[in-house]
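Just so it is clear, A, B, C and D label the chains in written order, and each chain counts residues from 1 on its own.
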Amino acid sequence: MKLHEYQAREILARFGVPVPNATYAETPEAARAAAESFGGKAVVKAQVHAGGRGLAGGVKLVSSADEAADVAKSLIGTNLVTHQTGPTGAPVNGVLVAELTDIKTELYISILVDAELRTPFIMASQAGGMDIEKVAEETPEKLIRLATDPVHGLWPYQARDIAIALGIPPKSVRSASALIMNLFKLFTETDATLVEINPLVVTGDDQVIALDSKIDIEDDALFRHPDLEKLADPAQDGELERRAKDAGLAYVKLDDGSVGCMVNGAGLAMATMDITLRAGTNPANFLDVGGGAQEDKIAEAFKIIVDDPDVKAVLVNIFGGILRCDIAARGVVQGATESGSLLPIVAVMRGTNAEEGLKILADSNINVTFADNLSGAAPTVARVLAGGN
Amino acid sequence: MKLHEYQAREILARFGVPVPNATYAETPEAARAAAESFGGKAVVKAQVHAGGRGLAGGVKLVSSADEAADVAKSLIGTNLVTHQTGPTGAPVNGVLVAELTDIKTELYISILVDAELRTPFIMASQAGGMDIEKVAEETPEKLIRLATDPVHGLWPYQARDIAIALGIPPKSVRSASALIMNLFKLFTETDATLVEINPLVVTGDDQVIALDSKIDIEDDALFRHPDLEKLADPAQDGELERRAKDAGLAYVKLDDGSVGCMVNGAGLAMATMDITLRAGTNPANFLDVGGGAQEDKIAEAFKIIVDDPDVKAVLVNIFGGILRCDIAARGVVQGATESGSLLPIVAVMRGTNAEEGLKILADSNINVTFADNLSGAAPTVARVLAGGN
Amino acid sequence: MSVLVDGNTRLLVQGLGREGGYHASACRAYGTNMVAGVHPNRPGMKFEDAVPIFETVKDAVAETQANVGLIFVPASGAADAIIEQVNAGLPLVICISEGVPVQDMVKVRAYIEGSGSRLIGPNCPGVITPGTRTKIGIMPGAIHLPGKVGVVSRSGTLTYEAVDQLSTRGIGQSSVVGIGGDPINGTTFVDVLELFAADDETEAVVLLGEIGGTREQEAAEFIADKLNKPVVSTIVGQSAPPGRRMGHAGAIVTGPSALASNKIAALREAGAHIAETPADIGEVMAAVLAG
Amino acid sequence: MSVLVDGNTRLLVQGLGREGGYHASACRAYGTNMVAGVHPNRPGMKFEDAVPIFETVKDAVAETQANVGLIFVPASGAADAIIEQVNAGLPLVICISEGVPVQDMVKVRAYIEGSGSRLIGPNCPGVITPGTRTKIGIMPGAIHLPGKVGVVSRSGTLTYEAVDQLSTRGIGQSSVVGIGGDPINGTTFVDVLELFAADDETEAVVLLGEIGGTREQEAAEFIADKLNKPVVSTIVGQSAPPGRRMGHAGAIVTGPSALASNKIAALREAGAHIAETPADIGEVMAAVLAG
């Protein structure tokens, strides 16, 4: 689950990490008042779940409260399109108005779980403001890397080592070490998958401050963080993604696809997408209905797929196991009926109750073509798309 | 550092451990109001840093608010003498007025750090209300013992195992497991040296509640618990103990002793006490002035020793190392002078600057006799006590 | 022979709720020797009037000498259940539960290191050995055929797909091992390849990989250096966009090495036979076995 | 020979404040080869114009090949400093700091288990080997005499007392080891007895115990079963009341086995020569050595 910068800032402050003075504003008036409280000079930042805001015009320096209100007005209520959002962009429902910081040095630090090392991993660099991938590629010797102890976590001396390696001025090493310890505490106690401070800055008076931040929380761990779960902003996702999340479906919309895919199991779903591509057509989505799906959920999955205007045909590929094929079939019929979709459907069903499922589809009045197996499915879709049957 | 029951109760509640409704009252009027809020029936418990309150008349059942006020009046402002307090007892500055609990079963659970196993250790038993030592001795098979993992701590399944072994009713096993997890969290997060719930009760409606509790916090860890440090009640210690604590001295008053001992180092202090005993006299105290003591601290140590009315002679035994003998000697002279004590002093000094220290003592006008070494010290004290010189 | 589970397997199932009960029943129906269930509120009762249920894993192991534990508890309690089974001395623990928080798995992995127990999963379909009718997991038993091909996979239904392709061609399986789709799990491709390498009955291996992580590259190294048996492999997720999680927590392209193409290249380089699409696994294996 | 420290010792001192600086200076004056200091705010400076100071232990070890670390940092940072030294690969870490929270030591002990590093202390006077003029700690060097008696003790000044009794009788010491007075520490009596047992130069041992815990009983077992050298021992705290901490965090009578009498009985049973009072240690050892 992604957090907005203004939410991340509050969590940082709660964990004792210094952040700039700032106010979240959902109206131009509130933005004006906030800028006024900082003497008029401020930075106004659109709050969307996407990077690349600066280049996209979502971050503006203002030198008066009026200007802050103007900028807020121009941003709030619009969709901001960045290189991370896709063409429709993400809705801006508010801006963060932040006091200007006297920046001496810009640094970088982030924490994530490294799957290969199986432990929280800290990356830091003196090249603040830059993408860490770029630093890793261009000047790997400048990258500070630390695998923490999986059980104990971060020791204070390690935080100090990082602060020293970052070139923090000696008199600020202690506060920077404390900041890093607190970041790590935040990471573990919130079940974050990513905490990134970019830039971490040293100010003119040698304060160390988290100027901009990104915090992602693990969806699977939200059951123990009801307070964080409330911070979700489903409006940031596309409409179809939001519906999928509500239905408990794993769904990812792909660009430029025409074949909607409905599959049980993530691996088989990817296999189905790959097959589709191999047959010369393009998959429109990843969709895993999961193991314990009931008919309603299957029906909603089908409706999400066909509500994507790019979709021209649907490939249903079910290998019955936990999910029985008859239930999947009934769900598909229900979804097709309720959506009124007339799109052609290609269905492959194997495993538990496959025959029953195929019969349910055949006996329905939906527009379905059958394939025997995975290798037969994609060409069938290609043929159907081409108008054949 | 010991906590009062009412303080422990608040900490338990903060960590999510169910406790009975109760109010701390420092006046009979407050006790009356508290009892009234519970419908008159309540238990009134003297708040002192000592066990054995029940037998000593410090815990009384009352059946009306007036009676609660009477009991509070009879307790507050007095000293309660229990088998743990010594003859002068401990001052009662307030009472805890607690709602009566419908007790079905009384159980026991405690956590401490086991030095042999080097990890937090949980003990539990179905014999609530009894001393755990007695259970361990008489029915060791009834004792539930668990050494927790030193790094990870307690796993939830282990808490559940304990709840099951305690015979908690099945429908309450989950809440009892949570209670035990929370107790453990409290233990580690407060740096407790002891958390003891005795009794832990199952109520008539199968709630599991910490009815009475004891929490000791490690003095050495108070630096990271400023909030807990504020809960100290120095009035509970004897006057001499309180002064020693203020001065940063390790001091323990012993019963029936006449030889005050002033030593540097805990081991040598015990050795000095033992020697004193062996010579047919009784040590009046343990006192370690510590390594880095300065003259003022030595002087205060001396004054604490001689302010004990039982003390008839003082044995000063200093092995100069970090503490130099000349500083110790000057401190002793200062203490003797400031206290105006005329008690005879026997002094042994070895190690760093011993000669200088001995000269300072000899040149002063205090009543001092010298011994060459540890084996000579005790007979000299015995001789001095017997009136010789 | 086979790997991990066989006729000596004595199964303990923890978490006998609706789903756990359903699958425990299916495991028994397939032929698995289930000796114990664990459910804190049902001590003294019997599962399907035959298998005793215990309050704690420790008691269950002591009473029944169970040697494989299967976990169906909700994800929030899965880490605890794994540790409970490991601390009770079960040498093999198979965790089906999906959605275990990654930071729980960080601690679990570190904790069980050197414990003498092996963990399979979480978020996996389990392990099956058709030759001894031993099914420890949620896979549909009926599609399997006893034989000499070992299968290892990060994915559930994709495994069934591959097994189906093998079985419909008459190619049986020695054991089929689902290691699960999470980024941190108990057993890796290399761990299972080591077992297959040492198993006399296994003559060839199917390795089903996917995007994300570098475990397939590690597998490729092992295949090149230490495995003297033919390997057929496919990597799914070639059509996945970067930075998006494809269902499995571990299936996400975070950098070049996470790409399907990178993994395929490594496996090909190591001498594995690549099935160009996931539909060709059976075909390629048939060709390999035919020499 | 000797134990733990000798002429090959290359000392690193962490925590060069007032107290640490004083003692580092005394160690050097005695003859110890101090090769590095560590202080985060003084990189590039030199201690006593001779010993380089580094920002981190890792750097100091890499540059100077230090092999023993001595810790004087405040108790609040002692656990961290111990781990820093262990992780930097120092095979021997001696922590003088007093008042380290016991729950910190629970974690430190578990962490360093199997790390290849040995910890002495905390809350100890350190280790001295008079024969090579190697003093790593806070003991007064002047009272020591080279020789063949090993001394191990939970207490600081009591150790000096015992050493003084030996030296004034002309009985020298191979090494003197203070293991510290805390309930959880890095090295126990048995650990040091093992070292003395294997040390050719050590012909007899003085063991200075006190009330609290059961480490003396463990030592008694080792003496009975595995130590072929005479042991002179005393246990202080016979006059201590139960349940009261006697200065040392570990010196408290919590049950029968914590009593001095119990420990004395165990040691006597094991064949140790008991000095009836702490004043008799030198006398008893003289008699033992005289045969």
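Assume a residue touches a chain if its C-beta (ideal position, glycine included) is under 8 Å from a C-beta of that chain, and two chains touch if they have at least 3 such contacts.
A quick note: this is a predicted structure, and the numbers were derived from the prediction, not measured.
For A-C, the equivalent interface among the listed pairs B-D, B-C or A-D is B-D, as over half of the contact pairs agree by residue number. Chain B and chain D have Cα centroids separated by 29 Å. Once the centre of each chain is set as its mean CA position, chain A and chain D turn out to be 55 Å apart.
The multi-chain contact residues of chain D, meaning those touching 2 or more other chains, are 107, 111. Each of the following residues of chain A touches two or more other chains: 151-152.
If each chain is drawn as a node and touching chains are joined, the picture fits none of the line, ring, star or complete shapes.
Across the assembly, chains come into contact as A-B, A-C, A-D, B-C, B-D. Chain D makes touch with chain B in their complex at residues 19, 75-76, 98-107, 109-111, 125, 138-140, 143, 153-161, 164-165, 181, 183-184, 208, 210-214, 234, 236-241, 244-251, 255, 276-280.
Looking at the complex, you find that chain B touches chain A at residues 151-152. On the side of chain A, the complex with chain D involves touching residues 149, 152, 155-157, 160-161, 164, 170, 173. Against chain A, the residues of chain D that register as touching in their complex are 40-41, 55-58, 77, 80-81, 83-84, 87, 107, 111. The touching residues of chain A, counted against chain C in their complex, run 113, 115-116, 118-120, 133, 150-151, 188, 191, 193, 218, 220-221, 223-224, 250, 252, 254-255, 263-271, 273-278, 283, 286, 288, 291-292, 319-322, 350-352, 373-375, 377-378.
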